[in-house]
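In what comes next, chain A is part of two complexes: it sits with chain B in the first one and with chain C in the second one.
Right, the complex of A and B next:
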């Protein structure tokens, strides 16, 4: 009897996160019917899109035992650079290209230092956080730059197709593309190999350094996409966006999805679930008008509880 | 002054500015790897030996503090006898404390301060006071009494916002507050003023939700969307800053609720005034922050040139800034040069 309960628990443990999401969705829906309206559900996805894009892009980095703390300022800088380009009359595709390329370039610098100089990612990306924030401030100053008369650009953040916000579609596209990369390309395999045992991966002839470099580039690209979506959503670019704590939200979503900070385990699909979990929780607390102090306590408790369920297997 | 003396003075000043520079670097390196750039801008450092020194330690780079600094600099530059610079607190109490130490050691005459923490900066203010330095705080007061405090009229302004918002709603209905997280006094003053204002002028209006949107336009969009789903009869929003009110405007636009929702902000920044002119945002409390900087600088100049030491004050001076409740009817009175 006892053994069968344990077996049942072991089978259930990997599904702890989806189950936790179901439970809190049910709880919120029962307490406030408005929670389940299509408008609100789409709203939840829109609310997590920016953090979600960054979390998906950072999952591979964390799977290799690395981390990218520089995403907040990269988000700000890509918004500011894209704004300056648009303001200077550069056509939209090119302006977007400039913003995205900048994110990739910053990621590559992180990657080169981490992979080839062998410095700890936490230090490298912490330094990069400082450098990029400073650069953004030199470029944009402390001011808010309004984006006006750029209908096509505003469409990215505020437009919708068949009732679905474009930012949600971008989030979905990034998620699908990265799930594909993880499941069906050599890069996905190499990421897992490096995370499990980097030395073994190198000895097996994998080009681990190039792989790591490209993962940081992907993380930078994700932050740049997020920066463009955000500046378009709020019709403003500012060097102070992506404030301190942004990177923690992103990392929290990845870890909640079951990716180990030590590397190895991890999955893009589960990161998406981690993101949704946080989104549902924030939205539900707002819709029930829970006071902020209680919200903070409840969120912490729910997160630990659901992570603990996932650890039951051991 | 003879040739030799003047060379000597030059060298002294060069050394002085070198020391200043390295002190600034030291202060900056205390916060190495932090999130905000360091830097000093302002009237160039000491040239004439007789000049008095004043500096403004801001919280972190922001539209408001940079407008204050501009106003301060405008007044101080005219005096021809003051060297002024802007120092950045990098959103860190310990950086502000170390910048205070640097300025005290340098023998600054006046320190303008936007304290990150009213309590944590108190010992530094006491130390400055013992050295005779007049400290003027901007917007955020400190627990240690100092020369003067110049602040936006948060509480009474918010009461007037409540009155204007209630008038637009016809004295009844439901409103929601897009609030900031607790931690700074401004947030409480702006919230309490609004709540008390509604009680006084429009007791028929009910506050059905009060949620934090972290001062951010993006978060405010999310929270406003959610609150509208939960409260379909919502008649209006009050954002405790303009960014959050503009977030609610964004939502109203996509949902076709412009003109139906009454939305008020607080601050009076450029984008908010423009939105009012377009008939989207209903109104905001506008404060001329350049003027706030000028007022603070005027007080400082009078103190410094009158050789009034900080120890001469019986109690702390206080100045509340005049303000306008900007709505479609009044917004045109705010001149382009007053917008920030």
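Right, the complex of A and C next:
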């Protein structure tokens, strides 16, 4: 009897997150029919796109037992740098390239220090958080820089194709690309191998340090993409965007997706689900007029609760 | 004085179908130093785990000072004065000697304040009583290994331990330190402590023990006073008729010392300072060369240099006649070296990944087409390996964690066979593997040898060495002291050489 319940639990466990999403969607839909309108559903995805892009890009880092706390300031800095480039008359593709390259470069610095100097990722990226925030403030000051007359740029954050916001499309593209990388390329398997047993991966002839370096670069790139989407969405760039707590939302989404902070098993697709779960929660509570303070408490409680359930199953 | 301090009666332990220990009787009197010996897998560690309460036996009972104890409860055993000093230190390196001795049970004064004065007085009394001198304020991590052992002993004595189980206590010690530790043990003995001394090193057993218990295949097969035993008799008892049978079987497999004569790996005067020195040997295509020796004779360290995980300070390595100097395992693999590490869980496998993923882990780049993984080719390779190595269950999607030790080891060996290396090194290839899987792994290695592979095996298990080797090299304290044709050498001779310089 007990054994069959356990067996049932084991079969059900991998589906827990999608089921939970369905349950809360149903609950919100019943209490507020407006929740299920197509406009609102697309809106949910649009709200989570920025966090989602960063969470997807950080999943590999967390799978190897690392973390990237510097994504918030990288988001801000890449927005500011792109704005400056546009303001200086640099053509759009080049300006975007500068913003993205900056994210990659910062990620690579994180990666070099973590992988080759062997310092703990939490300290390295915490220091980087501080350095990048400071740099963004030197460059951009405390002001909001509004972006005018850049229709192509604004299209990234505010435009839509066939009624679907471009930011949602970018989120989807990043998700699909990274799911593909995880499932179909050697990098995906290598990340899993390092997360499982880094020592054994090195002894199997893998360049584990180089791989880890590239994962931090991916995380930095994700933050830069998020920064560009955000600044074009609000038509401004500011050194203060990606404020404290941004990285926590990102990490929460990854962890909700079942990736352990100790490294090991993890999945991009499940991170996307974690992102959606948080998005639905936020949106539903907004629609039901739950006060913000209660929302924050509820969010924290749900994260801990779902992780506890995950521990229980293993 | 007639009651043993600790006594196990009819102890047995099974793990599924595997019997780790059967019907073992074991007793130690106060003031007795009893050697516990046997090859790997003989059941020593299972017995020790039962005596420390780490594992509950499936049958039998344990008495301490004549009282039956609750089994499988470590705190019960500690309370009754049974302590174990493990091969690897359990101390907190950054804390002082005194804090380590009293860790977790500091004498306290009012308001829970630690009573330092009493702690110091207690520690000094303890040291005086047992003739041990230590600087109580030194951080444990700064002490030499032998002193750390003494701290562990004091820690146990502070708990009023009357029974001390010592697992390979001299594994990391120099000869002078071994003497020092033995002096400490004699002091404890005079004080009436019962000591169980587990060691592969027969020399030490004969030096420090009064009695010995010899185990083989999960059974106690002999108990004797050390004074009444001879070394060859002990070895005979340790490896038993099984070896006679196995070596008879192995004798039917033609040995091929020198293989095809083609030198695959040539090592000359290889030295890593303070680890090993002046190691020279040739490994030929089509032969199995076993390097044996005591734990701590630096065989694994030598393999790490050959595989590029460590550097040599001088000497040369040639593969197929070309000098090489590998800077990483990756380079060594590209240079044709494969390495099956000793600890499959720590260094060998990704336990959470599937059998298939593990099998291609060392050869991933061969399964890439236009930067993408060729999952079909990977599955085909895995299916073939599983069939060739008879891995059970034959399901490549299964996580390696779920396999038995023997099948895990086969996956690990298969992963390296897939590389098709010029030289395959295996470090203790059958540790923790049951007898059936052992025979299968031997058969796999022999088949590879017959196909012309050059195989280098590090093994402490003499039974294995005598069964598997075409040639046998003996390493003692970082030096390669002898190389024999396996056919032309007796086990007794090898044993003498292994213990020779200790």
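We adopt the following convention: the second predicted complex is superposed on the first by the 296 of 314 C-alpha atoms of A that agree within 3 Å, B and C clash if a C-alpha of one lies under 4 Å from a C-alpha of the other, contacts with A are read in each partner's own complex, and residues count from 1 in each chain.
Note that in this section a residue touches a chain if its C-beta (ideal position, glycine included) is under 8 Å from a C-beta of that chain, and two chains touch if they have at least 3 such contacts.
All of these numbers come straight from a predicted model, not from anything done at the bench.
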item: Chain C versus chain B on the shared chain A, clash or fit after superposition; value: fit
item: Touched partner set for A:129, first chain B, second chain C, both or neither; value: first
item: Partner chain(s) touched by A:32 [first = chain B, second = chain C, both, neither]; value: first
item: Which superposed partner A:249 touches (first chain B, second chain C, both, neither); value: neither
item: Partner chain(s) touched by A:138 [first = chain B, second = chain C, both, neither]; value: first
item: Touched partner set for A:235, first chain B, second chain C, both or neither; value: first
item: Touched partner set for A:87, first chain B, second chain C, both or neither; value: neither
item: Touched chain A residues, chain B compared with chain C; value: B
item: Least C-alpha distance (whole Å) that remains between chain C and chain B when both complexes are overlaid; value: 27
item: Interface residues of chain A shared between complexes with chain B and chain C; value: none
item: Of chain B, residues touching chain A in the complex; value: 32-39, 60-63, 65-66, 91, 179, 181-182, 208-212, 217-218, 221-223, 225-227, 229-230, 232, 243, 246-247, 250, 253-254, 269-271, 274
item: Residues of chain C that touch chain A when the two form their complex; value: 307, 309, 328-330, 333-334, 339, 341, 346-353, 357, 361-362, 364-365, 368, 371-373, 375, 415
item: Residue ranges of chain A touching chain B (in the complex, touch as defined); value: 32, 34-35, 37, 39-40, 43, 46-47, 50, 72-73, 126-127, 129-130, 133-134, 137-138, 141-144, 146, 158, 160, 230, 233-236, 239-240, 243-244, 282-283, 286-289, 291-293
item: Contact set on chain A toward chain C in their complex; value: 184-186, 188-190, 192-193, 196-197, 199-207, 264-265
